[in-house]
Each structure stands twice: as structure tokens, then as C-alpha cells.
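What follows are several structures.
Below are two complexes that have chain A in common, paired first with chain B and then with chain C.
The block that comes next holds the complex of A and B.
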């Protein structure tokens, strides 16, 4: 029974990992940019959440998700408009890597200067420990909420990209940024919104993760690695692949921790290596 | 090699060998750091710039080099510098084995695959109590070396490692494998179709890069007498290698040299001149107090020199070519074929006087 519970919790936790990665998948898919500052933005949004919770003590952290996501959207929009758009047209893929790496270093140090290097968590009151019994299994309320939120955001993203006019423009820009300009689309502006969206999604995941585990200004690298693993495990550029990849990693991590308590994410990494070695293009990636 | 460059090299060698007598402790430690980073960056450059293998997990070889040195030195109770060859050998062996698996992955998958492999090794070592677990391990056998010689030895080894990395890469690139590597980098399908063994070229580069990285890592941690998984397998190692190579010029031998100068100048500017603690990499490797005081004017000069060198690289070098062909139509088509921005073609119908020929 305890194993089933662990697996269920892993699935719930994994939804969060999927959410961490989907922003990265979106950026890679649309503008072929590898954003090395993704992890720092995830951590920054958690710091913004903690600060907001400090300023407004009565407000529940889950309600703060909305303003944090809006702030993250603005930051992403600004980052893209001011910096990344300058290098995105270069044929050399390293230009954007170098730029976002620089952004990551600056952000990490600014966060140390402003917030200090102590580990923090986002207090969520009673909700953090509340649990309920479903079909004889004891499951946390927060993980269920997290999974519901992840699935809802995934569905929403999928609908926006596949069904709306904006989504059509994004897909067309991803296919060929020169041709869409002939149709009156400004690719730079599309990229601004896409980066904003990606970081807004990442900020929600970052806040939720901050409720579950502590973070420091240096946590960005771990968060970045999880995001990368999720994206690569699912197969580059597929959203649902990222979700499934996240869940697989979440289950592997929690099951691993159950029989080897100080393993950390070791078993998630091992699962990643095994799966990617068997399927070199990820679970749902297109064959080359 | 001209006489002048031989003389310069010989002088540089003498200057480096005599380094401990004319450099202070601070500058010597600083240069050791710089040379080790240069060596690591050169190996990353070999992988990414020539073999087309962008690895985000080279820190695994820094860490394995350090740990293999520590373990062997303690087990045999020998001074760490005597067992130094163990580090590159272990790293080369590990690289040869994991290459069999990781080479199934391409591009982004390979980059993340190597990073995850590094994390797996790091987490495994931090679970082994005999290696000190997460707390890490010290190097008690360093007592076998006269403490006065520790820093000069580190300096010489770092200098030799950097020189070895540059000369080694140069020699490799001029060999058959090196020529193969360059065709692989430019287009691996085309390379395979003309009979280059793509897999083997990449394999050789990966194994050699791992050995170089392991050697540099071993020297670096032998100097600090302490290794822990969080330091030895820190992703920042590869991030700095990447930064140095990309900023200096990927796929060129001199790129990492320029890059490492820029990187350390920037770190110095931030830590010394602006007195910020933001030396995010340096602050745990080099206590800021040990750094020599730099006169801002001298730093400005350094920046100017570096900038001028970058300009020098950016300016295109035109090649001059003399075409001698007595058939007019053939001559014109050859000129047409060769025409490019960076080539200046002079076409003549018959061999002119030697004095009229283009130099080189």
C-alpha cells in the first residue's frame, strides 16, 4: 500500500516537474533558444512570492500565484525585448547560450546581494500538511491541487497554441520567421510574448516547488537541470512529452527516496539515462 | 617555426620555470588557477569546436581526476604529485566506457546526457562513506611534500598542463584523426561519405579531452588539499570552460587563451576594483585578500591590449593567389571557382619572372 501511495505522490509531484520544463520546451520549440537563465527565473519568482507573502501576511500563497505569474510574464517580455531578440537571429546557436548564461550569473549574484544566501521556503499554512483519503490511500491535498493546476495549465497552453489565432502565429513563426514577416507578423514581438508565457509558467512551478522544498539563490542550477531533463526525456519540442517526462522523473525520485533515503534525485537521473539511451530522441521525439 | 618564435617560447619557458622566484605568492596562485582553467577550456574547445560534441558534463572528469588522485595517493601513502598520472588514466578509461553509451545521443540530448551522467557520479560518490560522503575528503599525504614546495610545484604543474593541452590539441589536429575531426565538425554526413570514421574521431577526441580535464582537475584539487562532491562536480566548471571558449573564439587554438584572459580580467575587475563579493566562481577558490592589488591604470591597459587582440582576430586576412594557366577559358573558370571575399586572385597566361610572383 505504501508503494502505491509513493507512486501516486510521485505522479502528483511530477506534474510540477513537467510544469518546470514546459516553458523551456516552448522557447526551444519556437525560437531555438536554450535559455540558461530559466532556473534563475524559477528561483527569482519564488523569492518574489516570499516577499509578497511577507508584505501581505493574510493572503494565501496560492492566491499570490497570479501576481507572481504576471510579474514573471513582464520580466520575460522585457528580457526578450531588451536582450535576447538582439541575438536570436544570429545563425550561431552559442550567442543566445552565452547571453542567457550571463543573465543567469548576474541574477544569481543580485539575488545573493538582495535576499541573502539562507535557505527559504514559502509557508503555506495548514494546506502544506493537509491530507485526504481517496480509495484507502492517504494523499496530500496540496499535491492534488498542484497536479490539477499543472494539467489545467498544460491543457490551456495546448489550446492556446493549437486553437487560437495567436497560437497559429506562434507556430508559423516557429516554422519560418522570415516568411511570417511577409504576412505582417513581427517575429520579435511574438518572441516577447512567448518568453513571457514561458517564464510565467515556470514562475507558477517555482512558487509551488518553494512550498514543498527549500531554495537558495544557488538553486537555479538544480532547477535548470530538472527542466532540461523533463524536456529531453519527453522529446524536444513536445508539450505532453514534457508532462509525461516530468511525471516519470517525479515517480522515480520519490520511489528511490523510499528505499534509499539519502539518494536525492539519483534515481530520477538514472531513469533519465536509461530511457534516453534506449530511445535517443526522448519518449515522444520525432525520429531524425 | 621561426627563430623569433623559438626564442620567445624558450624565454617563456624559462620565465615559467623561474616563476616561483620572481612572482609573489598571490600572483603565482592566480596564474595556477588561470593555467588550469586554460587547460580545461582547451579540452572543451577540442570537443565542441572540433569534434562537434557539446558536453555540459565535463565537470565529471574534473571531479573524477581529483578523487582518483586523492584515493590513490592515500591508499599508496605516496605524495600526491607522484601519482598524478592516475587521474588522466582513470578519466580516459571512464570516458572510453561511457562514450559507448552516450555517443548514441546527439546534440542537446548529448549535452544533457553528459550533465546527468556527471550528477549521477557526484550523487553516488556523496553516498560512499569511505570517500567522506557529502563532507568530502582531505589529502593527508600532502604532508609528504615540503610545504614550501607545494605552491611552486602546483604552479609548474599548472603551467605544464596548460602548455600540454595547447600543444597536444595542436598535434592532434595535425594528425589523421585531427583532419578527420575538422571534416566531422563541418559536416558529419559528408565526412562519413568520404570514408572518415566519424565515430572513431569523436571517440579519440572525447577520451583525450577527458584525460586533459582530469589532469587539470587533479592538480587543482591537490593544491587545495580538499575535495567534496559539491565542489569537484560543480557544473560551474563546465560553465566557465564554455564561457572562456565562446568568448575567446570557439574552434580556434588561441580562442581559449584570449577567453581565459578576458574571463580572469573581468573577475578581477569585479572582485578587486569594484570590491564586490560577486566573484561567484573565485570566491570559493581564491580568498580575495590573497589577490595582488591591481593598479586601475594597469588594468585599463590590460583591457585595451585584450581589446586590440580581439580586433586583430576580427579583421579578415586576405589570401593572395597566383593562377598560371595558358588556356584562357580554363583560367577564367578557375578564377570564377576560387573567387571569394577573402581571396585575391591574380591570373596570368604564362609563368612570370619569379620577382613578379605573389609572396606566398
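The block that comes next holds the complex of A and C.
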């Protein structure tokens, strides 16, 4: 029974991992660029959340998700418009890798300077520890909320990309950034919005993660690693693949922790290694 | 009235000069064929017109407006539409979504989704499918339809007979009559000289980035044409 409980918790936790990675999957899928500062933006969102909670003590952190996501959207839009669009058209992928790596280093140090290096958490009051019993299993209320929120956001993203005019333009731009220009679309502007969306999604995940466990300005690397694994596990550029990849990682991590409490996320990384060795294109990836 | 005026155009791919001193005009309502061997600069010329390659020297005027240094996304709004070589459909969009992409910078005019479906009825049946599921000829129809959806004043067609069965090419060329009847001018880039000259009012022949021959499509002498096409 304890194992089933662990697996259920892993699934709930994994939804969060999926949400961490889906933004990165969106960016990779649309602009074929890897944002190495993805993790730092996730951590920055958590700091912004903590600061907002400090300024508005009565407001529940789940409500703060909305303003933090809006701020993250703006930061992503700005990052793309000011910096990444300068390198996104280069055939050499190193340009964008070096650029976003530099952004990550600068952000990490600025966050140490501004917020200090002490571990923080985002206090969520009773909700953080509340649990309920479903079919004889004891599960946390917050993890359930998190999974529901993740699935809702995934579904929303899927609808936006597959059903709206904007989504059509995004997919067309991903297919061929020159041909959309012939239809009057400025690919740079599309990228700005996509980066904004990606970081808004990541910021929600960053806030929820900050409720579950503590973070420091240096946590970005671990967040980026998980995001990467989620993207590659799912198969580059697929959304639901990212969700399933996240859940696989979450289950591996919690099950691993159960019989090896010092392991940390080791077993998630091991699972990643095994999958990449066996299926280099990810669980759902068709393209090489 | 002259719709397109290209005057002394030079264009480059990096350091390589692809077009030399090109002067080409297209009148409103006219169909002009651009013929020439591989590497003559036909595709480069079309890319210059739509703004995907910058005009290094010389002037391009469309409906009186200079467009040689304008970005592609602005030029397309003026009513210049390209059916690119190799079609370049959006692979993650359905047939109908591909067509609606063409309507993003729609100018007023008569081309709508139903009218494109009337022109190519097979696309109506296949509107929910992905382009890769279509035959080559049908994919060409989507590319032409997509270009028409913006109601262009000038439709540029790059090698639309390439790799197609003769019967399918006939069908596609037959659609030009309707496209012209709606008021669009057409520039046809072709390697198939016979087909190009029979569909066009006037012909330009390019060789190694230069115009080697121009004149009315009817009455071009064979030897004159082959000299212009292959060089002396």
C-alpha cells in the first residue's frame, strides 16, 4: 500500500515537473533554441512570489500565481525581444547557447546580490500539509491541486496552439520562418509571445515548487536539468510527451527516495539515462 | 499601367552575385513568363521581389512604391504573393489552415476560401488532411490557393510544373485563366519553355543572372530562343 501511495504521489509531483519542462519544450519546438536561463527564470519567479507574499501578507500564494505569471510573461517577452531574437536566426546553435548561458550566470549572481543566498520557501499555510484519504490512500491536497492545475494548463496550451489563430501562426512559424513572412507575419514578434508564454508556464511551476521545497538563487541549475530531461524524455517539442516525461521523472524520484532516502533526484536522472540510451528520440518523439 | 518596374537590379547570395543589371516590367493584367536554365537567377529574382533577398543595387517599384529595401512582411501587404518553389507548405497545418494563413494580410478582393475550393474542388474534400497526405499536384494547388487568399495584384509562381504529371500541369495551367479573370497579373517562372510561352503574353529569358532575351510570347524564333536560353 505504501508503494502505491508513493507512486500516486510521484504522479502528482511529476505533473509539476511536466509544467517546468513544457515551456522549454515550446521554445525548442517553435524556435529550435535552447534557453539555458530557463531555470533561473523559474527561480526568479519564486523570489518574486516570495516578495509579493511579503508585501501582501494576507494573500494566499495560489492567488499570487496570476501576477507572477504576468510578470514572467513580460520578462520572457523582453528577453526574447532584446536579446534572443538577435541570435535566433543564426545557423550556428552556439550563439543562442552562449547567450542564454550568459544570461543565466548574470541572473544567478544578481539574485544572490538582491535576495541573499539563504534557502527560502513560499509559505502556503495549512494547505502545504493538508492531506485527504482517497480509496484508502493518504494523499496531499496540495499535490492534487498541483496536478489538476498542471493538466488544466497543458490542456489550455494545447487548445491555444491547435485551435486558435495565434496557435496556427505559431505552428506555421515553427514550420518555416521565411514563408510566414510572405503572409505578413514577423517571426520575431511571434517568438516574443512564445517566450513570454513559456516563462509564464514555468513561473507557475516555479511558485508551486517553492511551496513544496526550499530554493536558493542556485536552484536554477537543478530546475533546468529537470526541464531538459522532461523535454528530451517526452520527445523534442511535444507537449503531452513533456507531461508524461515529467510524471515518469516524478515517480522515479519518489520511489527512489523511498528505498534510498539520501538519493535526492538521482533515480530520476538514472531513469532519464536509461530512456535516452534505449529511445534516443524520447518516449513520443518521431523526429531524430 | 505598369504594375511592377524592376530597374537595373543587382542581387547577391553572400559574396556571390546572382543578378546583374536586371530590368523587367510587368503591366497590370499581364502574364509574364521568366524562362532560363538552372541557376539562371529566376528564383533569386522572385525572392528579391518579395523581400527575402535584399536588392543590393537598382530599384524595384510595385504599384509605384519602392520596395527593394522593404522587409518581406511589409511587401506582402501590398499585394505581392509568391507560390514558392517546392511549395513550402506548412507541414503542421491542415490544408484549410494552410489556406487561411494566406488570408492573414488579406486585401479586399474576390478570393475567399469557398472560391479557392471552387477553383480546386479536390481541396474541399481534403481540407482536414495534412499536406503530406496529398499528391504533389494537390500540394501545388494548396500553395496556389494560399497565395490567392491574400487577393494579390501580382501572383509569382516558381516552377509550378516541376515534378508533376502532364495532366496535372494542364489542370493547374487551366486555373490561370480564372486567376487572371479576377484581375491578378502573373509572373511564371518555368524551365518548360513551351508551356511558359503558350501561357504568357510576354517572355523574359535569363542566363547567368542577365536578361538575354525579351519579347512577346507568340512569334519567338526557336533558334533565337535557344541561343538566349543556353548562351552562344
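The rule is short, and it goes like this: the second predicted complex is superposed on the first by the 286 of 288 C-alpha atoms of A that agree within 3 Å, B and C clash if a C-alpha of one lies under 4 Å from a C-alpha of the other, contacts with A are read in each partner's own complex, and residues count from 1 in each chain.
What we mean here is this: a contact is a pair of C-beta atoms (placed from the backbone, for glycine too) under 8 Å apart; a residue touches a chain by one contact, two chains touch by 3 or more.
Source: prediction; values computed, not measured.
A.B. asks: Would you sort A:168 into first (chain B), second (chain C), both or neither based on which partner it touches?
C.D. replies: So A:168 only meets chain C here.
A.B. asks: On the superposed three-chain arrangement, identify whether chain B or chain C touches more chain A residues.
C.D. replies: B
A.B. asks: Could you tell me if A:109 is touching chain B, chain C, both of them or neither one (first, second, both, neither)?
C.D. replies: first
A.B. asks: In the overlay, answer first, second, both or neither for which of chain B and chain C A:176 touches.
C.D. replies: A:176: touches chain C, not chain B.
A.B. asks: For A:98, using the defined touch cut-off, is the partner it touches chain B, chain C, both, or neither? Pick first, second, both or neither.
C.D. replies: A:98 sits against chain B, while chain C stays out of touch.
A.B. asks: So, A:266: does it touch chain B (first), chain C (second), both, or neither?
C.D. replies: After superposition on chain A, A:266 lies in contact with chain B alone.
A.B. asks: Just chain B (first), just chain C (second), both, or neither: which does A:185 touch?
C.D. replies: second
A.B. asks: Does chain B (first) or chain C (second) touch A:133, or do both, or does neither?
C.D. replies: Touch status of A:133: no partner.
A.B. asks: Touching chain A in the complex: which residues of chain C?
C.D. replies: 50-52, 71-74, 76-77, 81-82, 84, 88, 90-93, 97, 100-102, 104-105, 150
A.B. asks: What residues of chain A sit close enough to touch chain B in their complex?
C.D. replies: The touching residues are 28, 34, 94, 97-98, 101, 105, 108-109, 112-113, 221, 225, 228-229, 232, 236, 262-266, 269-270, 272-273, 276-277, 280-282, 288.
A.B. asks: Would you mind writing out the residues of chain A in touch with chain C in their complex?
C.D. replies: 168-169, 171-172, 174-176, 178-186
A.B. asks: Can you name the residues of chain B that touch chain A in the complex?
C.D. replies: Answer in residue numbers: 101, 104-106, 108-109, 112-113, 115-117, 119-120, 123-124, 127, 235, 239, 242-243, 246-247, 250, 276-278, 280.
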